[in-house]
């Protein structure tokens, strides 16, 4: 279904993604982990064709999507939805319009210019919002929503594309734990119910473990782990993160604890590390 | 952390130095400005200016803005006596409607002034009874010139006398006598004939008389007739003035929005993150600089050959400069757009135009709108100046009235209108800005 | 070819509104004669009308002598002068008048050695062009420092009068019709208007110089217009005093005798003067 | 906790749909009407202007370069004179710049005072705020040319009337912008100073000025740029400076176009140079440290 | 020494401070507690004359400070220093200048405008900063300092006023526990060493108990408690805060808990500070 063959992206001389190869044969929920700068975002952006690859192939259902051009490229983009860490919505537009942007790839330029969407698309958008539990905000501007709600709007936009693959680049990194859980559950449910492939960059191990079927670990642009959640032991995690023996997962956990106290210490930490 | 740490002596010295530096700065800036002003004092010759300043001109000007004069003139060759507001043909009284303070007889006129002074014109003689001073009597003859009953050596400074001319200037009136004519200017408070000219049957009728009184002109209803005569007032020309105001706004409107429409696509060419080629971007930027650098007024002159005088030329001149200004401002706004939104739209497979429409336009619309409306207001003011050159709008009327230095009351009328217009545009654009940017 | 509208340009020292108003009857008559709409334009300065005539956006205009010369120099084929205003005394001209304050002791050009002389607008015939040439020809060179201490432009006739009266300049030039008496500021002209407005008292002023007669500005018509249009407009204008004296009074902005034919020769000297003043 | 299991019921979704569709239709209608009105206004406005103009838009378009071409060709023919003309116009240019500088400095000073008097929370006499605001509106609304012409009448022509006229307008224009900046200033330091018993001038000088000075300066620079233009333009009505030279040369027509071109080049270069300089300085000044957009109230 | 007589402040019809009366006969360290909106800040602001009172008297050493005007009012303000929750320093100015602002009340406007501070004032400012342990930051801009350091600058400014009374409006509310402790200790030390009266609004009971000699509890603008720390039992606290039986002080405590998470971070902290 999806085959990545020594995919490489170089910025200048530095390889952000370095001969990445793996193979996925059925729709799964896949988590990519790795520390900052490992190349996770770059990989997803290449897959969505927001960035061009330097080398390698990425075959989806047998077709190399990296060589697509013009209308075909846009067709692929509309088949392969992307969800961003910062939601990347149009904040001044209302929620439904943002969701309807998911149809841009298949509608003519002229009608969309004047916001003229077919009625069935509008209905579908509201249905999707309903499915994600935020239909009552349909008329509000996107900027008026909380982070978790905005991310769900972004997911709704992705669903509106009716994509075969959903890419999510650290979808919960700017959310508080409560919202993070809602969003991850939404993604999982979409995978379970619609059978779409979901690839999510995650920066927390326990999230990856809890929600994904398969986890790929990256380090310095290379794949250093590829397996099930069960195989992801603390030792492996240390490898991926290049951490020493004192590594504790707790520091990156999203579970709800005594935030006040933790934050207080975190602040001291931040001050000291400056 | 210890509270007992003792500050080193070094810190004392450094703090002192710091404050000393700040003190220097605090004095330096005013001193530089002062030095510059001293230079300007000499460069602009301010000292000489004080000597050249003419307060009497200012007084003439100010008093003329709220008062008007009526000429009573005897042509000493024909003996004909004429009473006219501001000496204008259109303001000439006829025998039936002389104002109450003047009695015109056969070759004679008697004027009663506000301060109880009287002026008498009879034949070749004028007699001015100035309260608290006495009687000034003067005659003119073809051969003997002007003679006066007072001793020419001891005249007060408000009487100017020579063999050919006598001028007496008091608060209430001005009298002059030459061989050619005897003239009295009587000053009165207000803007003369502002509502109706002397020809209008409504002249001298109050508002209530017109609204509720009997029909004055049998041909027309009072309201209708009064409106017509007011609108077509031959001296103040209210109708033309309103038209001129409209033309001014029209120039500003067409120029501003035309420029915005043209500048928007060009701004994409000049924005770093959208320009296809560096060369194109540079070319677009220099074009904007050029359009802006040539002021609107100069564009007016340059365009006058092709389009001739009129509001279109003024609108085009505003359009040219503002295309430059908007181009620069818009391209800066475009360079500040948030890439995330564009990427979000692009990731759905949107076409380039759709990317601009949904990724870029919603972001820059508030900035653009606010700038365009701001310019609309300030262009209304510019349009008055441009109109003065290109021959259109209230600016032409205003500058002409000022340059001819004839009727300062008209000048003040136009100034009031311009100020009201600009203030109205100011609050209108402010209102629109709030509506459009807060809403949608 | 036919014309669809006729555009009349008017210059003059009057308020724009008054200019339109006093020429409205004239415009109506032309409209009637030609059967097309007539528009009246009143640009603020000489340049506006000159550019209009040169660019073909104005069809006919009353001009100043100097601005006609300027138009002729720019394009001799643009316009032709057809009529000129004839004064009540039969002349077709007016004068440039040099004047000073009486109490300054200046009574002639001779007394101005080393003093400050003021012109009006550099585009004005009587306020600059003619006096700058005739005074220089009389032996008082106009280069600042040669004879006069300084030579400045005040900006216009009215400003010159104010400047002389205030003592900003020691003497200046302005225009007058040369009729009537000095003490009235003549019958017509910038001095007379200033006197009426109460800005100056002629008792304080003294005349120090007078130019040769300067031809009044011509009524010009664009050469490219169809011949019958030119003929009709010219004829109508020439008969204006005879047929509608009131209207003619407004067009001439004052008493006059008639509008009489004129040709380019009348302005040849002005053209020469203007060329001489060009770089 | 917003949960996903509680899927919205069909009924409420239908209501949302209906409501949103109604909203969309209404928006389309209003949007369409607004667009139509705007286009109609623009078109009819253009029609009126075109009709009242001496020359029409379309016939004039091909001749748009006739006049500039005349100027350029004569200037080129007499290009040997250019350096002389440039030199001759230089004093006038300096005068123009001086006018703008003096007007900007004094105007900014007045604007600072008026803006402090009319900012909510800073004004020493809060009840008079509307009065000072109206004063600024009035000063802004009066075109410079009007003030200059009146002053020329009283003071005689020269740079002073122009400087006063521009300064007057500058007070109004900058005053409005300054008071917007002041409004965004943080009140806390001011309250801190009030608590130690500081007087009003001390509070403004030590508490407010450090916060807002960069923005004030940036706006004043922008205004300086605008004022150079304004002072050049006032020369057209006899207020001295380079505008007067340009007007005299350009309206003389054929014969002095070389002079006009020289003055024009000088003026244009000055405007561009100051424009570029001030935008460089402003960019540096406001980099990061500003809340409000300095260009929001750009050229007047 | 300080006598408050039915002091009242009304905003519209609502009384923010309602007939408050109490009496203090010698310099003490006094804590005012009460929940948000109780009128604590309003009381201090009236005392410093930042807000005008509606009714009542506030006698300090026999003089009604509420009726002072102009220069006399400013004289009182300079005798009665105020410390704010948000520090209220001039952020773009250096620390010494901020401290020197404490002398504004007794220097002429013109001299201060041109930074003409006497040398002994500058020295004194540095000494005070030294006493508070932040003299090495004297030349930095105030905004470059941490919250705790800024609050100590504010205290230094207060001390520079050489005041008879120091008012502190929730001086530690925006500080982390470590800084909070430093600041409270500084205030206490000033009270102990210089014998100045200190009145501090506090929102945490344990802080008030630990540092104050006398505690005044306010509720809805009225004084509902006035006594020693020992008298402030949990029952009384419930009364002040209007809480039910489930009230636990832990909710407002500043002590550090959640040992597991904290330890994890502390470990990282330890590593970094080495």
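Residue numbering begins at 1 within each chain, and the chains themselves are lettered A, B, C, D and E in the order written.
In the analysis below, contacts are C-beta pairs under 8 Å (C-beta built on N, C-alpha and C of every residue); 3 or more make two chains touch, one makes a residue touch a chain.
Remember, it's a predicted structure, so these values are computed and weren't measured experimentally.
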item: Chain whose averaged C-alpha position falls nearest the assembly-wide average; value: D
item: Maximum centroid distance from subunit E, chain identifier (CA atoms); value: C
item: Comparison of B-E and B-C by number of C-beta pairs in contact, larger one; value: B-C
item: For subunit D paired with subunit E, centre-to-centre distance based on mean C-alpha positions, whole Å; value: 46
item: Subunit B and subunit D: spacing of chain centres that average the CA atoms, whole Å; value: 18
item: Intercentroid distance (Cα basis), subunit D paired with subunit C, Å; value: 38
item: Interchain centroid distance [CA atoms averaged], subunit A/subunit C, Å; value: 81
item: Multi-chain contact sites of subunit A, meaning residues that touch two or more partners; value: none
item: Junction residues of subunit D, two or more chains touched; value: 52-55, 60, 63, 66-67, 70, 153, 156, 237, 250-251
item: Where subunit C touches two or more other chains, by residue; value: 7, 9, 41, 45, 47, 51-52, 55, 57-58, 156, 162, 166, 168
item: For the subunit E and subunit D complex, residues of the former touching the latter; value: 48, 50, 73-78, 81-82, 84, 86-93, 97, 101-102, 104-106, 109, 112-113, 154, 157, 161
item: Residue ranges of subunit B touching subunit E (in the complex, touch as defined); value: 1-8, 11-12, 14-16, 18-19, 22-23, 26-27
item: Interfacial residue positions of subunit C with respect to subunit B in the complex; value: 7, 9, 13-17, 20-21, 41-45, 47-49, 51-52, 54-55, 57-58, 156, 158, 162, 166-168, 180-184, 193-194, 196-199, 201-204
item: Subunit B-facing residues of subunit D, complex; value: 41-42, 45-46, 48-50, 52-57, 60-61, 63-64, 66-68, 70, 95, 98, 101-102, 105, 137-138, 140-146, 149-150, 153-156, 158-160, 163, 229, 232-233, 236-237, 246, 250-251, 264, 268, 271-272, 275, 293, 295-300
item: Subunit D - residues contacting subunit A, complex; value: 1-4, 6-8, 12-13, 16-17, 19-21, 23-24, 27-28, 31
